[in-house]
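Common to both upcoming complexes is subunit A, partnered first by subunit B, then by subunit C.
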Partner chain A sequence: MLPSFDAFGFLVSWGTFLGIYAILAVSLNLEVGLTGMANFGKVAFYGIGAYLAASLSVYAVLAVYHVAAAPYTTEGIIALGKYGGASPALDLGIFAASLVLGFIIAGCVGYLLTYPTLRVGPAFLGITLLAFGELLRIFLLNYQPLGASKGLSGIPHPFLWIPDPVLRERLYVLVVLGFLAVTLWFAERITNSPFGRVLKAVRDDEVAALCMGKHVPRVKATVLFIGSGMAGVAGVLLAFYMSSVNPNMFVPAVTFNIWAMVILGGMGNNKGAVVGAAIITFVDRILTFITPNLGITIITPDYVRWMIVGILIVLVLMFMPGGLVPEKPIKTPAWEAVESLEKESKEGGSGGDEA
Partner chain B sequence: MTKPILEVKDLAKYFGGVKALDGVTLEVPERGVIGLIGPNGSGKTTLFNVVTGFYVPTRGEVWYAGERIDGLNPNEVFLKGLVRTFQIPRLFPSLTVLENVLLTPPRQVGERVLTAPFRSKWEEQEKELARKAVALLRKFGLGEYVRARVSELSAAHMKMIETIRGLITDARVYLLDEPAAGVAYTTARELFTFIRRLRDEEGLTFFIIEHRLEVLMDFVDYVYVLHNGRLLSEGKPDEVMSDPKVIEAYIGR
Partner chain C sequence: MVNMDAYQVLTAVHIALIYAVLAVPLTLSYKTTKIINFVHINFITYGAYAAVLLYTFLGIDNVFVAIAAAFVIGGAMSVIDNVTVFEPLSRRGANVVILMIASMGLWIFYKYLMYSVLDVLSRVAKANLVSVLLRFETLPRVVVNGMPITSAFLTAAITAAVLALMLYFILEKTAVGKAIRAIADNPTLAEISGIPRGRVVNVMWFMAGGMAAVGGVLWAIFAIATPEVGDTLILQVFAIAVIGGLTSLSRTALGAFIIAFAENLGMAFLNQVFGVPTSFKPFITFSTLLIVIIAFPPLGAGGGLPYRFLRKRR
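Right after this comes the complex of A and B.
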């Protein structure tokens, strides 16, 4: 039917986007699903990670090879192409440094930016973050050292020294999915812990949580640090995959796309966030892969994608209001202790009846 | 009376020109069950809000167990050992009854984000707290609700759990805002019997706002009456109830 459809290539491409977006969705779920903080500026932290990776890598490569040209000039881009894959150690080192710095810097920005707004209620937090995301994009659009509207390109892929591009992509998807696995593991562990219990308490009733001795502003700032840091890592992974970044990759629609994933998958469930991300990135990728083969030019895949996402959300919310994978109760060892107590008292009780 | 555990000295709280509290001095003795009454708008809840750290007083001091606590945040006041409940019970609806109790103990190892992912670091503490919580719920006849969601409980049970969950900590003073509001007369009497039992068995201190005087007066040792942000009267229940100033404030001229 579709002779030029490369199934394995599709899986690799989908897997990479799934991994990146699932990290974003899990991090948003920690913020909004578990803690009840409406983060409408998720894209800002994603963008910070991506731009950090991009600028760090292009400036580092040019500096190491003593190229005087700026990375956004033609000479700079040519030099980046020439030296990009020359040293595996440099490429991998830049990648590792970007990941660490991406997490820390995006996390710190999230922490600092949101701390003063935490006391004024969830709507203000959401609007402040939304505005920050747009301000950041407009700043990048006009800031020459980061390429302004053209952005930065020639970001050296961490496996650029491997000659076979297919192998490179396959290795990269494993790295991305590895980061997703770590993110999901961490999110699941903190959800099912006394810390997760505090998060849900803050979501349910902030004032009551405060009255129970919980330092609510600190809890929220902590979650925003972690969530923003995770988004930063996703941005780093995106920058190295795309090999270029530009400001218009980070429009508010990206944030709402991530929200759609969380709503679709199930608010308050980390696995649900991954399921939501998988569905939406699947729709996105399959349209991108199929459309060229269909020869349709009237409707671009972009419009179709938004329509499909809209219909999916309406259907899910109508028939499964909790999402595809609804929130589950917290599982901590407390329940094991309760079960053994209940067993004891049952045995004791039946013994009493016999006597 | 025994020595006071909670003392309020010349406490005032102004909201612009409104003097919600205007120089209130009172004390709550250890192991006392003390009432706080007054017409609507007399400043009772404002007093609770200042004592529990929601408001910074305009003037005056709050002392708890020999320590000055005014100006602390609500979470810090709780950590000192003061528990506050609300007129409408504020339990956490997405948590079970057990988890509502388990949330209370302060400074749990597993509540820190860096230790939370590593179960072995907090597993023992968590199990120990769970055993304590179950024992506590059973002791007060709520053992069957351990797994229940808060939404499945009656109002009276919610109010009981709001108080019981403080028992898992070493909190000693409970500020209850209208515990008998919204429950039937007999249930209200049961709740106050329960409060007396907690005082007798656990040595707790209660400071209670209540509008249902017919219930309150049978159970408290001492009553303070607020009116327009000032202390109007105080004394044993029958003394207060026969005070003409109190009758006038309640019934009006």
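Right after this comes the complex of A and C.
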């Protein structure tokens, strides 16, 4: 059935997608699971990151080598292929600059969007961000300097100067997983900090948090800045991995994929988000390996996959609201003290019975 | 010089009527149940395809038969969703965000269910069902003062008028309508005073789903029917509902006219004066949405905190 199944190659490609999607899932979990903000426009920030990396890298390469052609023309793409791997310093420099700018710009857009939406409740935030995502896609589809409907291609891989493509892929997966580790560490630190508990307070009861003197709009805006910045980084990583971007990579369905990961893994839990991302990207990777071998089917396998994702979201919400890895209380020193007191009293009680 | 002829105005009115039929039920359902229902998008698509499939397989080209079928299909879908998903979730005490995510999951499910069904049906019918141009001529073409008024326009106008009257009559004159309004005002109090909430909400859902599906038929005979037809209208429909504050039906209808005119006449103006390409039309809709949210918080404030006061204090 599968004549030459390259298990290690599969792991590398799965690892890359897992890393990118897990960063997105963790950032969405920060917004939804911890703060209770329904961000239905995740794909917009992901797209901003990807397009920022793509445009920065192709325009920078063409400018450095004094090529007059625009990057979306045939000559431009040929020139990009020619000069792409010429200088390790340039490739790595562009990669680093894209990551930093991707975080800052996507984060700032998220921050600015909170101004109109935070004053009008969770439902409107969702609608406005969803609309913003679609709007960004329409803009990209029609904006010629960013390649319009064809998008940008020939983005120089940061390790393009390494001649062996397999080694290149393996190095890149390490970079992506490294970023996932940093994101996860950062998210865990936020969750277990006093700020994280403010977030949970906002999620559980906004009015109560407001009455306790927490500036709810500012808290939410901060979270949207961080979450959008993380999504921007994921977009940058995607652009360099795929080496081309086009507007149809950023349809609203991508957002729902990320939502499905967070819901399946368990809302309010960073590890759950990673578990959800791992499961869904694994199924997706398997499907991309299997689908070409199925030949012509009556129903396109992709449609069946999406139907399952949709119904999965509903079923998990109805029958397993905690997800696979339910949220646990945070072990603060005070909590531990209470717990040990409870244990002592219990032990004391049982000891009394024995005596 | 800007050239705004009567034809453009007529088209804008036509679109406004369809938008009103699409957006009013969204406001009605949010008002009553506090659910932002993304399945609304599917009602539109399924309504449009009720007309397409009736025409392709049974050869029915009477638009009113299609409208009736769409109403029943949309209403049935809506009631099924409520009974199987929304009601159990609300009973468990799920908040607004959870209900919204559940409706989003249903949206994705219904959307790709439609695609799968069309895959099979296209094979059976040996016809292209993915983008269908429907031009029913049930009503005659009328010429007023040298202005040709299309059959689709007359259909939209008559249907919108009938639906508006029906909605007014049901909500204002019948016991069910009073119960719906009572639940919208205060669900707990309504239940305490003996209103069978579950049944009344189901009636409301049937009306809301049916109306949205009828809007889908009206859109299909005006523009084109594709499995994405609901998705392409999502921005407009939600923007209009937000202008109505998701609470007032009449303001929602007004919002439909605002958005339709801003989109069509405003776009024509920008195109002729500044040369803005017409593909940037959604930006006008989005800007209108943002302006409404920023400038008139009470309009948009469906359950938000009064942050304005908070900011003034600081």
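Going forward, the second predicted complex is superposed on the first by the 309 of 355 C-alpha atoms of A that agree within 3 Å, B and C clash if a C-alpha of one lies under 4 Å from a C-alpha of the other, contacts with A are read in each partner's own complex, and residues count from 1 in each chain.
Please note the rule applied: a residue touches a chain if its C-beta (ideal position, glycine included) is under 8 Å from a C-beta of that chain, and two chains touch if they have at least 3 such contacts.
Since the structure is predicted, the reported quantities are computational estimates derived from the model, not experimental observations.
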Touched partner set for A:Met212, first subunit B, second subunit C, both or neither: first
Partner chain(s) touched by A:Lys346 [first = subunit B, second = subunit C, both, neither]: neither
Partner chain(s) touched by A:Lys331 [first = subunit B, second = subunit C, both, neither]: neither
Contacts of A:Arg189 with subunit B and subunit C, given as first, second, both or neither: first
Which superposed partner A:Lys200 touches (first subunit B, second subunit C, both, neither): first
Subunit B or subunit C, by number of subunit A residues touched: C
Partner chain(s) touched by A:Leu312 [first = subunit B, second = subunit C, both, neither]: second
Subunit B versus subunit C as contact partner of A:Lys82, first or second or both or neither: neither
Partner chain in contact with A:Gly126 - subunit B first, subunit C second, else both or neither: second
On subunit A, positions contacted by subunit B and by subunit C: 207, 210, 215-216
Residue numbers on subunit A that touch subunit B, as the complex places them: 185-186, 189-190, 193-198, 200-201, 203-205, 207-216, 222, 226, 327, 329-330, 332-338, 341
Subunit B to subunit A touching residues, read off their complex: 52, 73-76, 78-79, 83-84, 86, 90-96, 98-99, 102-104, 106, 108-113, 116-119, 122-123, 126-131, 133-134, 146-147, 165
Complex contact set, residues of subunit A against subunit C: 32, 36, 38, 40, 115-124, 126-128, 130-132, 134-135, 138-139, 141-142, 206-207, 210, 215-217, 252-253, 256, 259-260, 263, 298-300, 303-304, 306-307, 309-314, 317-318, 321
Interface residues, subunit C side, partner subunit A - complex: 30, 36, 85, 88-89, 92, 94-98, 100-102, 104-113, 115-116, 119-120, 123, 231, 234-235, 238-239, 242, 246, 277, 279-280, 282-283, 286, 289-290, 293-294, 297, 300-305, 307-308, 310-311, 314
